[in-house]
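You will see two complexes here that share subunit A, one where it goes with subunit B and one where it goes with subunit C.
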Partner chain A sequence: MPMSEQTSLTRPPESEARAFLTAVLAIVWKDLHIEQHTRQTISVMVMFSVVTVVMFNFALEANLDAARNVATGLLWATILLAGTLGLNRSLAIERENQTVDALLMAPIHRNAIYIGKVISITLFTLALEAILVLLFIVFFDKPLWRPVVLLVLVLGTIGYVAAGVIVTSMTIQTRSREVLLPVLLLPLSLPLVLPAATAVAAYMFPQLPDWGEVQSAVYIVIIYDLLMLTAGFLTYHFVVES
Partner chain B sequence: MLPSARLDKSVRIFNWAAAISIFIALLVIFFYAPVEKTMGNVQRIFYFHVGSAWVGAVAFFVALAAGVLYLRQNSRKWDTLALASVEIGLVFLTMATVAGSVWGKPAWNTWWLWSPRLTLITVAWLTYAAYFMLRGAIEDEERRGRFAAVYVIVAFVTIIMAYLSIRILRDIHPVVVGGTMETAQGASEGLQEFSGLDSAKMGITLMASTTAFSVLYVAWLLNRIRLQQLSDAVKDLKIQVTAHLQGEHA
Partner chain C sequence: MIHIHGLVKQYGMNLVLRGVDLEVAEGEFVTLVGSNGAGKSTLMRIVATLLQPSSGYVQIGGWQLPQYAAKVRRHIGFVSHQSLLYGDLTAAENLDFFARLYRLDNATERVMAALKKVGLFARQRDPVSTFSRGMVQRLTIARATLHEPDVLLLDEPYTGLDQDASLLLDNLLRQEHENGRTILMITHDLTHGLNLCDRTVILNGGKIVHEISSREATAAEFLNLYTYYTRNQREKQHANE
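Showing the complex of A and B:
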């Protein structure tokens, strides 16, 4: 990405939105590029998820009926737990390589870093979910391919990552680091997961439910997304300044 | 810096005011409020339950405001206020949950249900309990204040979500504040035993108990702020003494 464009001091004011967008895209592109080379984040998330699913099956004593009944809850629980790994990994890389300082020194808006990180980690999590959905269809024979289900998964992931980037940016700067993240993030994301899981569960029967039955749950998920993104937008620069 | 004389005086005044108003509220709840038709005397728990839940919500809102002010002004007093308010809010939330659980046994024939409202209150409780974990993990005072302020702002989303969800999703728990429609709907579906306040005396009793709990909140808040100031003063003294001793040895 041509960063020199943004350093120019004579930038006309109308191009500020564009500069913001360019910065966001540059960060997303950078993260995807790193992932393409290292393949660390997504592979760790996928491995962890598969182990979790197998472990839960073991806990349910290979009782397929019981496993099918809890499949949607299990799907969300797996996404949340694997999500903490992805968040930690993606934000810790910046700390380890001290690239976070370079990012902060760059003449870009702090919120561009926030949005860029939310987008790239959301993409990682969605890649994980694509694999998980396939696995769950095979293992539990659930119609997870339905469009509304996929929509709720995408919306839920955005809200979860929006909260996750803020919280992880704080926890990686503390003493307990990885230990602290789930304790802070999981309760914070439950008001989102509760309606999202309800909405997904409504679609797990052969006949489609009325939109009226699930719309309120979907709206709650959207409200959470907006609230979290707003909170993140307003507070992110307080979290990263040192 | 030791707590000011004005704070000391307010603490004394509010301690007495809280004791007296709680006593009055108890008298009103047990002797003035009428016996509820369907639930009988058990319904008197309602006044504790709603009073403490209300004050809990106010406490978290105060913490949110203090968090915003801390980020804007970077003054230690707002951090102390946020910390005190979250601590006390958690106590009130626990009181409301315990009172609700005791009431749930006769009303629903169970101590606990995983209905959306009860689940979300548990979630809010956990979110605010985690606030202390975050504080405990950061040594640098300035950074601790900053992160705690950000967290308290983000955590308030769970309170908003709890408020919204219980008004949107179907629940066995009645909605008291600003929710006559939902209450009536739930009652007509046979979900709820208790359908709201059916006499002016009950309304007055609820007001009395809410006021008493609010005064108690202010009293605890002042005590907690004073305690924090004393603790900070001790810390400063320790640093001074250590510096002094090191100076003597040198």
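Showing the complex of A and C:
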């Protein structure tokens, strides 16, 4: 006789969506608690970003106009590079003590692990971006607090992390993961960064806003997010099981 | 409870398991021994739903793997020489996380009861990274049995434990066996755990070469058997080479 699908300890069967959500929240809860105890992910990302922005500020100090013109590109470059640090750290936690095996043996959908990771790393990256926005206002005098700019930052981060979790889950098992991750992820992020940088740049120069261009750029970012999340949903279980 | 039939696992040209057949009855404690490279960990990872076989199949409680892996997972507890615990979380937070993953009722009460059972209640707020190897292994048992699985899989659980910690682990495993749990343990260390089990199986070169009931042989007799079967296999391999 097959064992029953439920033990006496577990809650009565709940809808699959509710079970999925419970698992996602458990993963996020765990990642936030680890970060609360160690502060290793956000602090490394913030330190890297501050050093990068300060260095560029000094390097371009002689030509303030040039600094303002490249500020959008610098913002996204800093987010992408700091993001790889956050992705590597967050996924490496699951390799220490082989905790990924415990996750894979738990009675949860594989994609709950994927979505949980995307949410927690997105939260870490958004915390970094809050600090970066302040830094760019101070150093480059750019109006980054505008709602549309913040929306593009949030949407761009979701797409980048959605792609990053899949790529990092593959590279984390290799010896050269620190090198492989940016080599694979940065080209993959190009279709996201170009429109995102365009949208942010348009709002940084409000005297020359091309609203149609901004709208198209935001749509491309949304499409990229949906594509990456779908690709993640379809491939994550193959990646973690292989 | 566990039915393994014709299990083969191949990595490229390397044949790790060569047709393993094994039955473990409900409530039985079976120890699988073998030298390094015998295929023990590969076999355990397949039973634990972490790997898929090249051919053959595993059934647990009537559910065949890998098709029904999702249903079986709720009924399996897995202890390995790796703790599968988060070093940066406290003992209580680790168990609380797994209680959430398994959607257990009365999670807090169960976590506290599990910590008491393994003697770590007083250290519940300490990060696991500050624990000794023996304490980590006791917490690992608490994690693996938190959802009261029907089947407990143990992969080299005595690795790195000192004498006292090994005795504590012996007692915990004895309790789990008395509670009626089906236990499959693999080890290459013949000094621990053999006195606890009902049956011992020798795996060598990816095949089961001998099975013996614990009542049928003393430890010294078993050691002779083990040496005979593993040496015999090595000599055959050398002859083939």
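Note that in this section the second predicted complex is superposed on the first by the 217 of 242 C-alpha atoms of A that agree within 3 Å, B and C clash if a C-alpha of one lies under 4 Å from a C-alpha of the other, contacts with A are read in each partner's own complex, and residues count from 1 in each chain.
Simple rule for what comes next: a residue touches a chain if its C-beta (ideal position, glycine included) is under 8 Å from a C-beta of that chain, and two chains touch if they have at least 3 such contacts.
Bear in mind that the values here come from a model prediction, so they are computed numbers and not experimental data.
Trainee: Looking at the overlay, what does A:A106 touch: subunit B (first), subunit C (second), both, or neither?
Mentor: second
Trainee: Kindly classify A:V44 by the partners it touches after superposition: subunit B alone (first), subunit C alone (second), both, or neither?
Mentor: A:V44 contacts neither subunit B nor subunit C.
Trainee: Name the contact category of A:I131: first (subunit B only), second (subunit C only), both, or neither.
Mentor: Once the two structures are laid over each other on A, A:I131 reaches no partner at all.
Trainee: Could you look at A:V148 and tell me whether it touches subunit B, subunit C, both or neither (first, second, both, neither)?
Mentor: A:V148 contacts neither subunit B nor subunit C.
Trainee: Tell me the contact category for A:V70 with respect to subunit B and subunit C: first, second, both or neither.
Mentor: neither
Trainee: Does the superposition put A:H33 against subunit B (first), subunit C (second), both, or neither?
Mentor: Only subunit C; A:H33 stays clear of subunit B.
Trainee: Is A:N97 touching the first partner subunit B, the second partner subunit C, both, or neither of them?
Mentor: A:N97 contacts subunit C only, not subunit B.
Trainee: Please work out whether A:R175 is in contact with subunit B alone, subunit C alone, both, or neither, and reply first, second, both or neither.
Mentor: First partner only.
Trainee: Name the contact category of A:L60: first (subunit B only), second (subunit C only), both, or neither.
Mentor: neither
Trainee: Does any part of subunit A touch subunit B in one structure and subunit C in the other, and if so which residues?
Mentor: none
Trainee: Quick one: in the complex, what on subunit C touches subunit A?
Mentor: For subunit C paired with subunit A, touching residues are 48-50, 52, 60-63, 70-76, 78, 80, 82-89, 93, 97-98, 100-105, 110, 127, 143, 147-150.
Trainee: Along subunit B, where are the residues that touch subunit A in the complex?
Mentor: Residues 71, 116, 119-120, 123, 126-127, 130, 133-134, 137-139, 143, 146-147, 149-151, 153-155, 157-158, 160-162, 164-165, 168-169.
Trainee: State the interface residues of subunit A toward subunit B in the complex, per the touch definition above.
Mentor: Touch list, subunit A to subunit B: 163, 166-167, 170-171, 173-176, 180, 183-184, 187-188, 190-192, 194-195, 198, 216-217, 219-220, 223-224, 227-228, 231-232, 234-235, 238-239.
Trainee: Using the touch rule from the top, collect the residues of subunit A that touch subunit C in their complex.
Mentor: 1-3, 5-11, 14, 19, 22-23, 25-26, 29-30, 33-34, 37-38, 93, 96-99, 101-108, 241
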